[in-house]
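In the two complexes that follow, subunit A is the common piece, with subunit B as its partner first and subunit C second.
For the complex of A and B:
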């Protein structure tokens, strides 16, 4: 057994986390910054942080992930990171020539107490930031929140630094997509386009972390939202955020700073969440939903109706990030599946309420846990107590899936051992179809594998 | 194609600010073969410049990730915010094979104190103690290792005091590592800290005797992709008992018992030479550098071991094994060589791999035109003969140098100085020596320490090698340029590459990569003549 020391006997823990269902803030900030055009993310801390974040994002996307570091040493930790950051800014503009350096902090620089606002002002004053170029920052202490918090903070920083309250008024809608895959961001843009709505979306990692093979490495790939686009978002008619945990902060900041009315919905994963997204979008823009989109919805409905018998009543354990989990729970509940164990390491106020809303009174036996000691070890223990028919989560779930012989669908971050997530969306109606196809695939493969010969079905 | 490497060197660094240009110029060297067999001096193990985009990681990565992590029954508990433990969770492919289905194996678990802001403000020792107790209750390990991450050192948590207290309370071995990420200039500092910990807290605690005649430890072999399994198989067939491996596929008990061996074999010099040195001083076990990367190198290393033990039966068995293995290697090597001959490679990775793997390329007729380490020191480039002249700088001074004296009861020189000198005379090798990368590289090749991303791209544009070897962070940028990139940390999830069978795997993988068809399809058919009239026009 891979996890041979995990038993069904749950001991109360107060200090130890085992097999976490989260990671730390800075990687989220790095991912968000990659969704800005011509931007180099910069990690203000020890080299290891930057190296680990780049490695994890690279394994997840199988794409180049460029980012720099302040390379703290013992001396830096004593005297503060100012000198390192000033030097880094100068070197980066000189060697890598980005439009923006997006600095995020680390537990080290936060514990030291480096004042990023002051250091950046000093860099500007000393002429280390060329005209027309920018250094922005967000604080991402690793000992608060999780990777989702870091993503949220960098997205908010894009508003604080760039959104322009005096931008020309437009009919555009700002879309804050939340922590989703490049494929999802592409799909969101595509849906808006089908509705005939002009949007400003940020961050946008499509065409950055799914770049084509051309024989040339574009250090700054084609994609990413430009600074000018973000500036213009201050003049849009409304903002729609997706994913309460990852987008609310930016939506609120945009409202406060630029007076753009905003609202945040749960991520449009699954039928109902996508319905609410499309409905909100068309109401804000005052457009009619085209048949092409309604047809997408209809095809999803059709697929669910056709295949309901294979998912109905199946118990599901899911772990990952709050925004994904809430919408997944709602979708699984719609399929008449039973999300029984739902775990996120990300401390999330209102998580239980959000999940209960998504469950809509179904599955009263569901166990829900977020934050401290809400880890994969605990979820595995629950599975040991009473097993499930399906596990959904990131790659680390494969150890549980194999030990417990449970069909497994990879969803979330990080996915280190399969491809597809960066290319095929799970948001929107088509995304929900893909998700359902994956769920059906593993469940039906299992049925085929385990069926007695006489009950091996040709047609399913 | 004739490219002057000296011109390339200038080309690589001209974009840098003046001070950085000066520093980098000392870290880039064109190899020369001098008559006195000396090599040019290279600057290494110095700080990476902020903002430069380095391959390097941190001290914690070297200590927990590289050296201690591969051991399966030492329970690793990371004291810090969640990320450090998360990122080192199973990402280095250290394979391990427990003795039985019931035996302890913690390698798939990731433990952390998940420090929160109140722990930073009020201190984390209390939480750490509770976490150690909880870890003990859940796993009942023989030993718990506590690893400090960056904030721990700053807020002054004393992990060593906590470890001592918990050791007394729980009655198991508990020890801490002050391996905060900022402690050194790279992973290398973490290796040293881990070595010190192994020596202080584990080695010598298990006195189980062994009757075997030829007993060795394999140091600096982390069983990535199963390399260690291959080597264990070879040594066993030769009749050599492997007491312990540091630290691939290892257990606490075997490492604690390692002082009963009669010879230490050092694979990765950079990450483990400290343990080898300290064991010789305390227990009298000589060490020799071996290299099991490459079939010829493997054969050579086996013969060295046989020379050391000076036993006719062993020598005969070693020759038998080499003959058996070589026969199999030869078939693949010849086929692959025919397809790879004359192609070029670059290797920028680690602290020994960028040297060792050149042997594999040589065996299939490929030429290494540039190489360098991510975290090597001068001795890894120029050989240990430079050690006496090396100055300890501020970044290395804070790592403890353990004063080692012969153990009053257990010091037993395995060979007299005369015997060692005699063996050295018989073979090309020397004890407690490593000749380094540079003497084995061709004249006029480039050696670059701590290669930056900018330099990587320029090198690739100028030379367009047939293959580039590095790590995960470099891989896809290189491949976007249409050049295959072989990961030499993770082996691209393949391997093993060590020993004879490993060489066969490597030859086949390189053959596949340099000859794969997809690279010739990068340009679409319509690129040459983009504007085309419709052949069938609608009326």
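For the complex of A and C:
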């Protein structure tokens, strides 16, 4: 029992986080920046930050992840990081030749007070940024928010640096996908394509973090949104953001800067959230939904109908990032399951309200917590008080799943011990089918494993 | 051939070049390079992490704790407190007002709940800047709770991983010398610098017990505080992973007069030599005989297996990129035992002596690189047409993208690679990856198979 220390008595903690259900801002900024074509993310801080983020992203995606660092030293912490960043910009354009350097800060550079706007302006003035190349930045102090905040900030930075208010007007729709997997981004593009809608989507990590084996190590894989595409988003007819926590900031910035009307929906995970997504796209673009998509929905509905009796009433604990949790909760509720414990380490205003909306008046006993001390330890304590039938969350859930003997579906970031998440989406109707398949798989495997011989059945 | 950063020209060497051998190393990475290096905190954390009955609390914002939560397969035969993640999760107001109170409260809470034998408090970047007096908080908690509470000065920016090793050793030195040593045999050692990845310390302990050597403490694989307290009673320190533990060994030599030996448990040559060196140190005839018969017995068992793998691997080419250079020496000779040639070898933190030794060990034409980056590494791999790359987590996908086999010789090894059995595991792993049928389908060597079909 690796978690034998966990007690069922929940005491008020003020100073301590145990087994966190979040990580720090910079990794989110790095992930978002990887969704920009020919972009090298840059970590303005100590070498370790960059190394940890690259390692974690590599473990999650099984892909090379490239990013540079300002390599702070003791001197830097006293005299500031300007010299390091200026040198870094020169080195990066000279050696790695990206179109864009996307700088994010760290707790260290934030605390010593480096002014990124001023440093970047100085780099430009000194001719360190070649013509047609760009250096962008966002502030990601690790002691505020979480990795989701960092993702949101870098996505917003793409707007503030690139979206062009005077871009030629087009009938395109901007799609801000939120923190989802490359597979999900690919699926979102595919759905828009099926509807016959032209979109500009950013960030887009498909073909970057799910790149095919080509026999080459592409320092910049072919995917990612180009700067020109983002520029053009200033002339689109509307913006649709997905995931309130990760996309709202960019959607609002685009509205303010370029006057593109914007709206943000919850992530299209599960049937109803996908319905709203498709419906919104349809009305914005003035198209009809093709049969192919209606049929996808029909197949999902059919699968739910076929299998509803196997999931009905099952208690579920879920943890992870707010946007994912809200939509998962709604889907689980549709399946007539009971999401009873919902925890995110990301401080999220309105989290409880969003979850309650997703629950739609069901499961009044649900316990919901976000932010400080909302960690895996707390979730485990709740489970010890009254157990659940299913756990959904990132790889770190495996300790609880094992100790409490609970079927476990991996979902979220990071997943360090399984593959599939980069290739098979969970957004859209097909994505919901995959989620349901995984849920049924673990529940029925458990039933088979635990059934006494005389009750072990061929057909279930 | 990719451009090597101009400032880095002197950090890459090709054996056989006319120029005199002078590899620049122990240098700061060039700002803006995609370095594979980590930081001071990382160094401290990996060294101390395996001490299983101690509390490890990371003082700083959440990231440093998240990224190092149970990240190393350092196994414990008993308590597993080290595998949990504790953080003060500093917030904006803490940065403004200081985090001392929070740290104190967190320490009290944890020590009361878990009753650890000691606590390590890792100071991260930001703690060094906001000026928390971690030392004072630790002292107070230690007084009140009656266990050693040790600050680890591991602010990320204060150097490289190596400085982190040193900070870890400084914390350990405060524990050594505080336990009873009356029952320690004169034929006794401390195992320094093995971290029990995949249970390697257990195998090594077993060799020593078969030799008749008492192991007083393992620092830090499957480590226990009470053992480390008694470490000063041992007659000899046996140091592997010289990068992390030589400092501790030297300090113990100065303070307690304990001599030390450098060893390596990787590859049969280095392993056998190491075990003999220890036996010879004690000038005990019977021990030497026991060692000889153990080594003979083990070799008789494994060499036929190795020979089988060697038949398939003969002439294949390997590249090595590891954290500390010391490990690379053993890898070069272990690969040689498999009939393989090392055509490229590098490390994140090697020093002059390390690289000089590597140069002597390697064949003509071998590339030697310090603090390399992915661009360089992939160009070396292609240029030398490598069959297997040996490295860590960030190197693995680069090899696979190029259509090259890979073996993790870092934290993510899943099988023991040390000891005699480890040599068999290593051979099997290298063989499994080099010979995988998947590479026959990858475009780099065979062209695009789909085009061939057309």
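Here, the second predicted complex is superposed on the first by the 460 of 460 C-alpha atoms of A that agree within 3 Å, B and C clash if a C-alpha of one lies under 4 Å from a C-alpha of the other, contacts with A are read in each partner's own complex, and residues count from 1 in each chain.
The rule we apply is simple: a residue touches a chain if its C-beta (ideal position, glycine included) is under 8 Å from a C-beta of that chain, and two chains touch if they have at least 3 such contacts.
It should be emphasised that the depicted structure is a prediction, and the values quoted were computed from it without experimental measurement.
Considered on the superposed subunit A, subunit B and subunit C are sterically incompatible, since they clash.
Applying the stated contact rule after C-alpha superposition, one finds that A:13 touches each of subunit B and subunit C. Once the two complexes are overlaid on the shared chain, A:56 sits against subunit B and subunit C alike. In the superposition on chain A, contact is made by A:108 with both subunit B and subunit C.
When the two complexes are overlaid on their common chain A, residue A:213 makes contact with subunit B and with subunit C alike.
Shared contact residues on subunit A (touching subunit B in one structure, subunit C in the other): 2-3, 5, 13-20, 22-27, 42, 45-49, 51-56, 58-59, 62-74, 76-77, 84-85, 87-92, 94-96, 106-108, 111-112, 141-144, 146, 211, 213-219, 345, 372, 396. Contacts from subunit A toward subunit C in the complex involve residues 2-3, 5, 13-20, 22-27, 40, 42, 45-56, 58-59, 62-74, 76-77, 84-85, 87-92, 94-96, 106-108, 111-112, 141-144, 146, 211, 213-219, 345, 372, 396.
Across the interface of their complex, subunit A is touched by residues 15-17, 20, 47-61, 77, 80-91, 101-102, 104-106, 108-117, 119-120, 127-131, 134-135, 137-139, 149-151, 153-155, 180-186, 394-395, 398, 453-454, 457, 471-473, 475-482, 522-523 of subunit B. Note for the complex: subunit C touches subunit A at residues 3, 5, 28-42, 60-69, 80-81, 83-92, 94-95, 101-106, 109-110, 113-114, 124-126, 128-130, 156-160, 374-375, 378, 393-394, 396-398, 400-403, 442-445.
Put simply, subunit A touches subunit B in their complex at residues 1-5, 11, 13-20, 22-27, 42, 45-49, 51-56, 58-59, 62-77, 84-85, 87-92, 94-96, 106-108, 111-112, 141-144, 146, 211, 213-219, 345, 372, 377, 396, 399.
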